[in-house]
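Notes for the one structure printed next.
Residue numbering begins at 1 within each chain, and the chains themselves are lettered A, B and C in the order written.
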Amino acid sequence: MSENAEIIAARPSGAATGVGNGRFGRSLVGGLVTALPVVVIGFAILAFAPAYYTHLALAAFVNLIVVVGLQVFMGNSNIANLGHSAFVGIGAYGVAVLSTPLAMKQLSIPNAPFGLALVELNPLVAALLALCVVAIIAAISGKIISRLSGVAATIVSLALLIIVHSVFLNWTDLFKGNQAFFGIPKVINLPAMLVASVVVIVIARLFKDSRWGLQLRASAQSPQAAAAFGIDARRLRLVAWVLSALICGLAGVLFAYFAGTISPKLFYFQQIFMTLAMLILGGMATVTGAVTGVIVLSIGLEFIRSIESGVTIAGIQLPQLLGLSGVALGVVIVLCMAFRPGGISGRLELDEQLSRLFRRNAR
Amino acid sequence: MLTVENLSVRYGAVAAVRDLSLEIGRGELVALLGPNGAGKSSTINALTGLVTPTAGRIIFDGKDISRTRTEDRIRGGLTSTPEGRHIFANLTVGENLRLGAATRRDPKGVRADTDRFLTLFPVLSERYTQAAGTLSGGEQQMLAISRSLMSRPKLLLLDEPSLGLAPRIVAQIFDFIGQLKTEGLTLLVVEQNATQALRFADRVYVVSSGALRYDGPPAKLADEHGLLNLYLGG
Amino acid sequence: MDYALQQLLNALAFGAEYSLVALGLAVVFSIMGLVNFAHGEIIGVSAYSVFLAAALGLTSPIVAVLLAVAAAALAAVTFERVAFRPVRYAPTTTGLLTAFGVSIVVQNLFMLLISPKPQSVSILNGLNQMWFFGPFAVSSLQVMELVVSGLTILALVLFLNKSTLGLAIRAASRDFATVRLMGIRANRVIATAFAISGALAGIAAVFILARRGSVSPDLGFGLVLKAFVACVIGGFGSLAGAAAGGMLLGFIEVGLLVALPQEYGGFKDALTYVIIVALLVYRPEGLLGQRVELGDKEI
């Protein structure tokens, strides 16, 4: 859609804007189509892959949810978010603190404040509470960030990451600091993760195609025109930020529940680099891009990591090449930005690309 | 001195300039007139190289500069005073002039030129150490033209010198432009305001919607009533 | 009194270091809108260059200092030529992410080609001594930091106000296209800005090396984050703002160090950022920044 058409379509003039069942339905279908590759891969792994791959797949799915969450904010507001791992961490540590069995807690965090050492909640309840905490912190940080210009907002998102990480690292009574927080109930398996991924993808699509998503993108492209139409860009950015945070928080919750053990450095720059590279490679503008980027880079990184730890080629033992995967990630980002800033999937979602293909063949 | 052959400029799907050809001889003052959106500024930007044309050739001083970088075109003696003046608002009047002379290697000559413009425009002398952004529109225009002239160009392209200025100031500016012509400078003046531009023009081009509509002496233009009514304001 | 004076000196010294790094960032941002996340890696390149030179037999601290500054300037110009030029006219986010990518690449190259572990660099330790003025004991490094930073900023101001290229850089921060219309080469302006940015980073690297006595792959990264924050509180894009922001950051940090009880020391960084964010809430455009409304006419 041309830029002006998008803005006009997004005007907040009530029922007449065409937000009817038609658009919702199309978006829903679109989301499911976008999620299809994920489902297929998931089933393939369930059916055929040995246990080792299941573990890898779970990690990849967590990344998928994080990247989709990142896309919800970055893709629609065009502002670089470098702090999303903070919310992943809050989700993970939230359920860790709330649902770890009491026996474990006595060992790890006996001096936890607010009597949390004596609390053990049902995993679902713990998850919901953790997500509430995520929502609150997202609302506060979002209010600040939505007021700032693009660059300042990005840097504050970094500040948020560092603050949260610092709290995890230093509030040892509650979070065990640098040491791994173990004993979290492992209640998530691959089918559950698959379902969660699909749900998150659909939500992301629904938001993107909703009036809010359209208006947000319009105001990112031409702030003056959008403001002239009465679009409140700040509030929209806040909504996108909170939604993005919740999705990332969910990823953290799921990660904690499948890995059983977490530590602060998991939710710091390593994850930021990786998920950012995945989103950029796949294409920031679309949910399909998020999915694509995760798939491509997960496979690519596995390959590189095997070389990193020293592989034997033709009988020659190659040395450990620590940092190779980092270099690869960085190079991916730089090359993408220089030659294909739109990423692999560009501006069109999977269902949109497919329907274009069919239309062209039908002629 | 300047030959433009079949110039075309597009911005995406929009054709701003279509197959435009024009010529400017040494020492001439040529006026390029037309209503808003006619493609006049796009033409100037293509001539200085700030915009890349989709087709056409530009030959300046005997050399084909179609692929030359902007900075090198300026160094070759072709410069423009952009639409809206574009003086460096955060620099002083003096610093603006100094940047205009950035490509020159003769400090004495630069000083002489600076003094000349300060004498010619006393207000610039008064405000020499003031930030250029605090000058009035007319003063900024005088500064902008002076700045362009600091590089001692062979050909000066003036993009809408009258834009946003009061009629009395416009007349002053054009008096100055006329004087430049008498001193032998070659000029292309792009304008919406036809009356002033026609005062000293040797030849006139009229464009509208990116295409050439008239090419000839100003006297004949007065006969083309249709053109005058349709395309030119006053 | 003694303690207070010492802490004041600390704050000034840290502030000076942050200011230098923040200025380097601001110079580049003001003319190109590029948020150079790779700036920390320029500091890293500088530090590793000294390390390598020392490993190869260099013993003169003076040469080491010159090498640090030169290596940093060279690295900055190289980054620009290789990685940033293709995205020169792209939107801000693209440039920012490219710089982030460069940062990741270079940090990991340090790990890959040299070592993930910190390496000791003692060649500049001579700068870090105690000087005694009567009853006062003062760190020579801190005094030098203040003096050098002051001189450097002075030199920068002179350059930006008196030299043609400096004027061009200032003009370019508002209107790059018109600078080209003066016949001034865009590439030269940008390369100069990056070289200045690099030189500032190199000077900071000298002080960091002198203080830490070691270099590690993430040497510059944490510092650059703080420098960015300094730029933002000072008013992004403004050189004076960057310097002011850096000083303020130094004072906030030292103030927190003094005020925080021992067991909460680990929270110093987090609290620093919290204060910064609070400042931004109060004044989103930064201390010295100007509120720009959409559609504001250029002054």
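By definition in this document, a residue touches a chain if its C-beta (ideal position, glycine included) is under 8 Å from a C-beta of that chain, and two chains touch if they have at least 3 such contacts.
Since this is a predicted model, take the numbers as computed values, not measurements.
J.: Would you kindly count the fewest steps from subunit B to subunit C, each step being a jump to a chain that touches the current one?
T.: The fewest steps needed to get from subunit B to subunit C is 1.
J.: Would you mind checking which chain's mean C-alpha position lies nearest the centre of all protein C-alpha atoms?
T.: That would be C.
J.: If I average the CA coordinates per chain, which chain comes out farthest from subunit C?
T.: Farthest by centroid: B.
J.: Averaging over Cα atoms per chain, report the distance between subunit B and subunit C in Å.
T.: A distance of 42 Å separates the two centres.
J.: Need the CA-centroid distance for the pair subunit A / subunit B, whole Å please.
T.: Averaging C-alpha atoms per chain gives centres 53 Å apart.
J.: Cα centroid separation between subunit A and subunit C, in whole Å?
T.: Subunit A and subunit C have C-alpha centres separated by 31 Å.
J.: For the complex, give me every residue of subunit C touching subunit B.
T.: 164, 167-168, 170-171, 173-175, 177-186, 298-299
J.: Contact residues on subunit B for subunit C in the complex?
T.: My answer: residues 48, 50, 69-71, 74-75, 79-80, 82, 86, 88-91, 95, 98-100, 102-103, 133-134, 147, 151.
J.: In the complex of these two chains, what residues of subunit A are touching subunit C?
T.: Touch list, subunit A to subunit C: 78-80, 82, 144, 147-152, 154-156, 158-160, 162-163, 166-167, 169-170, 223-224, 227, 269, 273, 276-277, 280, 321-327, 329-334, 337-339, 341.
J.: Which positions of subunit C touch subunit A when the two form their complex?
T.: Touch residues, subunit C against subunit A: 29, 35, 83, 86-87, 90-98, 100-112, 116, 217, 221, 225, 228-229, 231-232, 236, 264, 266-267, 269-270, 273-274, 276-277, 280-281, 284, 286, 294-295.
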